[in-house]
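Worksheet: one structure, shown below.
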Amino acid sequence: MSSVLVLALTGAGLILLGLHALIVKVHLLRKILALNIISSGIFLLLAGLAARTPGGEPDPVPQAMVLTGIVVAVAATALALALLLALRSATGRTRLDDDNGQ
Amino acid sequence: MAWLTGLPLAVDLVLGTTLLWLAWRALSSPDLFQAVALFIAFGVILGLVWARLDTIDIALAEIALGAGVTGALLLAALSQLQPAEVDARAAPSATGANEHQAGQPGQTAETADADEAQHKPAVFRALLAAVMGLLLLAALFGLGLVTWQLWEPSSGLTQQVNTHLPESGVEHPVTAVLLNFRGYDTLLEIAVLLLALIGVWSLATASNLGDTTPEPVLAALSRLLAPLMILVAAYLVWVGAHAPGGAFQAGSVLGAAGVLLRLSGWRLPAGAAGWPLRLVLALGVAVFAFIGIAVIGLGEPLLGYPTAWAKHAILVIELAATLSIGAILASLFIGGRP
Amino acid sequence: MLASLSVVLLLAGAAFFLGGSVGMLRFPDVYTRLHALTKADNLGLGLVVLGLMLQAESLAAVGKLFVIWLLLLAASATASQLVASWAQENGFAPWRG
Amino acid sequence: MQYFYFALILFLLLTLVAGLWRIRRGPTPADRMLAAQLFGTTAAAILLVLAEVSDAPALRDVALVLALLAAITVTAFTRRARISLPPGDDDAR
Amino acid sequence: MLPSGAVWTAALVFTPLLAALACFLAPRAANWIGLLAAGLTTLAAATMVPTLMTDGPLRIAVGGWGAPLGIDLYADGLSAVLLLMTAVVGLGVSAFAPAYFGAHPQQRPWFWPLWLILWAALNGLYLSADLFNLYVMLELLGLSAAALTALSGGGPALNAAMRYLLVSLLGSAAYLLGVALLYHAHATVDIALLGARIEPGMLANAALAVMFAGLMLKTALFPFHFWLPPAHAGAPAPVSALLSALVIKGSFYLLLRLWLDLFGDLSRLLPELIGLLGAVAVLWGALQALQQQRLKLMIAYSTVAQIGYLFLAFPLAGGLNGTTAWRAVVYLALAHGLAKAAMFLSAGALLRFAHHDRIADLDRAVHRLPLTLTAFVLAGVSIMGLPPSGGFVGKWLLLEAAFQQDRWGLAVVVLLGGVLAAAYVFKVVGYAFTPTAIAQEAESVPLSMQWSALLLALGAILLGFAAPLLLPLLDVGAPFEPIVGMPS
């Protein structure tokens, strides 16, 4: 049991590592990686806690949710990467423009 | 020999620490290529973690996607972002010297991934970093505490799933949840994939992959592997009815087959690249929605398959979904409109 | 008897994995590291797979294990080939002495 | 026997972590990819042992998928390296 | 279990979804498929009104399993009015789009499937009673909105879309974290079941914190509004209308639901804080709008201000006659949806007309494009909150709640926000009457573009008269009362 707790806490750590990088890093590819790591952390928490059933067989419902989440994350990553490439070819930049207005 | 009982815990500690270290390095190493490579490794370790947690369906999906389409997508994006990198790295004598300066000739300043904008004063930045660090630590502490609090055995919905499993049409609980109990989510999630592809196509970032002639060894490998991947995908759909596996995992492997074929220079015949391809891409959502709505005519609720037909309905949906997911993932990798 | 043979095979496999990793870390250039990789892949995994085959519950499981080994063998052979030719094309001279 | 398997897993895991150092260190992308390949092989071995120890034969399918896809990353990498060279410039250096 | 209920519920989500597939398969027929789907979806939204009025709120177990094992759909008055507003705005934008994209043929085949998926996601969001299903809807909504933002291409739009996508993904990730915590604490993700099982404590507070942070980020409440102006101003005009009028309402609705059904009793401090942020948003957004030189950016900042109003209900809800405050902000959300869509569509028509949207160079647009300027002014009337518009009804109710509880500060913010809105709307009108030195080149604007804007603006005004009809509908199922009916 306790080893599953270790992995769930790892999930919490991943979320915050990712969040930190998402805010601090400016390169968009890095931000995309950060978002993926945040999602992975959340999935680890969601499915990690599913393993604390008394019978030992993990709860299938969170497993299904994580599977759904993983596929959504891939879709989002693909769209974000395509946007990054389009932004790069339009402006030559791979970071967000800090200017809020035009 | 009491220390032996600590071995499983030691395995998990190593896995957890490695995961955190990989995430940290992937997010902070100065070289983007290294970051992506470490991120792919992160995916594999995460797959091992899922295996340790006995969540084998997730392990399958994580490995199939991480080692397949996601990894290839990231590497392809990187190759378009840093076209001149190889020239910059070609100094044969270098032993780690050039990994510290990602910004090479041909890369402009922004690919060097300098951390923060430079116009703010240093004191302000340090203060901001300190405040943010404190906030994040507090959040980590809170999240850890909550996780700790949740730490008492609980069966969640396991019992209810098992009770209704015989009516679901499949024997594997996770597949039953995905395709029957929470099939609505799954239907929409295939729609999310299709949506991402429409978004990618609307951006029309044509990929320049696959225009060179493939290495002979690569062509040979893909001739061997692609049929095997299709076989394994079919096996995963079949096995999903009673064991870990199913449409997502199978679709991910199918998508990987598409990526491999594309990498070895294969292209869709021109006749198939138009609406036949689109039909395959849309098939998953269409079939799922069609069956889900058609059952209303039989007096069933939305997406409620009659128990006698559930098995067949799920099989048809899974086959269509596998084809679509595979085709969408491969098309996401290829990028530009066919 | 079968069990102890299996343990011996697994241990031998583990030793080759160790060798592969040490080689990966210690060998001087990419070509010699290629050798380290192939040792771990071909032999290390092969021995582990063989050890596990002795414990396998069915013939199908044995077959699956064998296929996994073959696949990784093919992958590592291809990878070695591709990486070596890449290294040569990009002007990395093999390490001598 | 259980603990023997766990010890084996731990050992393999540690060699895998050691291999990570090469991914991080490089120095060339080729080194990183070789290390990644070794990484995949070791992970497959761990999955197979784990299938034995937790009596979950389905984990072999995970190893199978990993073995099947192991070539893709390395292939994607080499394609990337080729594409980025200007056409006809392959023998220049 | 009502078969008719299941039928229209299915129609509300699946009509736009399947139409999106059809547009994807037959891009050349996209205009016709899209318009047909818009009509059918609006019809479905309209047919459910009498059903709800006679039978009360509706709960449908998808697949027949029922919560907690399966996913439940739930429709009450709150869902219904938002579905209706979405349908009306959707119809208007769909009528505007063919002519608009006639000038941008390369964007048209992508606009339709993306917009129809966005519509399906919104309808699904308003109908779902399942927190995880809502997560999938949020992602569907966020990804389609980001892709639509990028549609016009070019550096600024792509930059805005990228920022929007990252923000949106972070917001839904935070929301999902809250869902994970709640599921593991209470073994369900059904909102009604959770409402019965949730109890004050650290876990509930943690879930509240992450879910609200994520959704406030997505709703662009001050100070999380940074991503909104460039995204809403940079997108093609019909997309701007969708983003401003509809998309932010989706995440706001979810915030409202969570607050009403799950978290309302947890904190005394949080509603005050949210109200304060809302008040700052009202003033800050309006001041920023006043300073903008470009029409679309001005309208976008106006949205930042109008979002602020929606959050003013939180501090009022706990007090005397708190449901009035909720009714008020829902009414404001409806009025803003119609009015803001009309404004952005007018801006689109003006852009087509003059090829620029510099406010100072509008050059007698009022004479040359009277329909469009009328639409803009009528929408402005609702945004300002002047009678007899929908915005007036909303603000009136909000003021009533504030006065009853002696919250004078909030009342002042409401009034001041209206004055500032009047200032920025009249600034535009003033320039539209003024001739400029250089004669403007002008292109004729298709009537369908002008009329769809005008009809939406008229809708925003008519909303003021519709209050006797809409407020009873809003109360179906008593969404603002503390106790929610349990699933049967």
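Labels A, B, C, D and E are assigned to the chains in the order they are written; within every chain, residues are numbered from 1.
Just so it is clear, a contact is a pair of C-beta atoms (placed from the backbone, for glycine too) under 8 Å apart; a residue touches a chain by one contact, two chains touch by 3 or more.
Protein identities per chain, from UniProt: A = Na+/H+ antiporter subunit C; C = Na+/H+ antiporter subunit G; D = PH regulation protein F.
None of these values were measured; they are calculated from a predicted model.
Taken together, chain D and chain E share the touching chains B.
When the partners of chain A are compared with those of chain D, the chains appearing in both lists are B. The minimum number of touch steps separating chain A from chain C is 2. Farthest chain from chain A (centres taken as the mean of C-alpha atoms): C. Chain centres computed from CA atoms place E at the largest separation from chain D.
Chain pair with the highest count of contacting C-beta pairs: A-B. Centre-to-centre, using mean CA coordinates, chain C is 58 Å away from chain E. Annotation: 11 Å between the Cα-based centres of chain A and chain B.
The mean-CA centres of chain A and chain E are about 27 angstrom from one another, to the nearest whole unit.
Along chain E, residues 132, 136, 139, 143, 146-147, 150, 181, 183-184 each make contact with two or more other chains.
Within chain B, residues 8, 11, 15, 52, 54, 78, 86, 89-90, 143, 150, 154-157, 161, 181-182, 185, 189, 192, 195-196, 199, 203, 215, 218, 221, 225, 228 each touch two or more of the remaining chains.
Shared contact sites, meaning residues of chain C that touch two or more other chains, fall at 71, 74-75, 78, 82, 90-92. Chain pairs recorded as touching, per the definition above, are A-B, A-E, B-C, B-D, B-E, C-D. For chain A in complex with chain E, the residues that touch the partner chain are 15, 19, 22, 28, 31, 35, 38-39, 42, 45-46, 49-50, 61-62, 65, 68-69, 72, 75-76, 79-80, 83-84, 86-87, 90-91, 93, 96-97, 100-102. Put simply, chain B touches chain C in their complex at residues 86, 89-90, 92, 215, 217-218, 221, 224-225, 228. Across the interface of their complex, chain D is touched by residues 1, 4-5, 7-8, 10-11, 14-15, 18, 22, 25, 29, 33-34, 37-38, 40-41, 44-45, 47-48, 51-52, 54, 56, 59-60, 63-64, 67-68, 71-72, 75-76, 78-79, 82-87, 89-90, 94-99, 208-210, 212, 215, 218, 221, 225, 228-229, 232, 236, 239, 243-245, 249, 253, 256, 259-260, 263-264 of chain B. Contacts from chain D toward chain B in the complex involve residues 3, 6-7, 9-10, 13-14, 17, 20, 23-29, 32-33, 36, 39-40, 43, 46-47, 50, 54, 56, 58-59, 61-62, 64-66, 68-73, 75-85, 87, 93. Those residues of chain D lying in contact with chain C across their complex are 1, 4, 8, 11-12, 15-16, 18-19, 21-22, 28, 30-31, 33-35, 37-38, 40-42, 44-45, 48-49, 52, 57, 60-61, 63-64, 67-68, 70-71, 74-75, 78, 81-82, 85, 90-91, 93.
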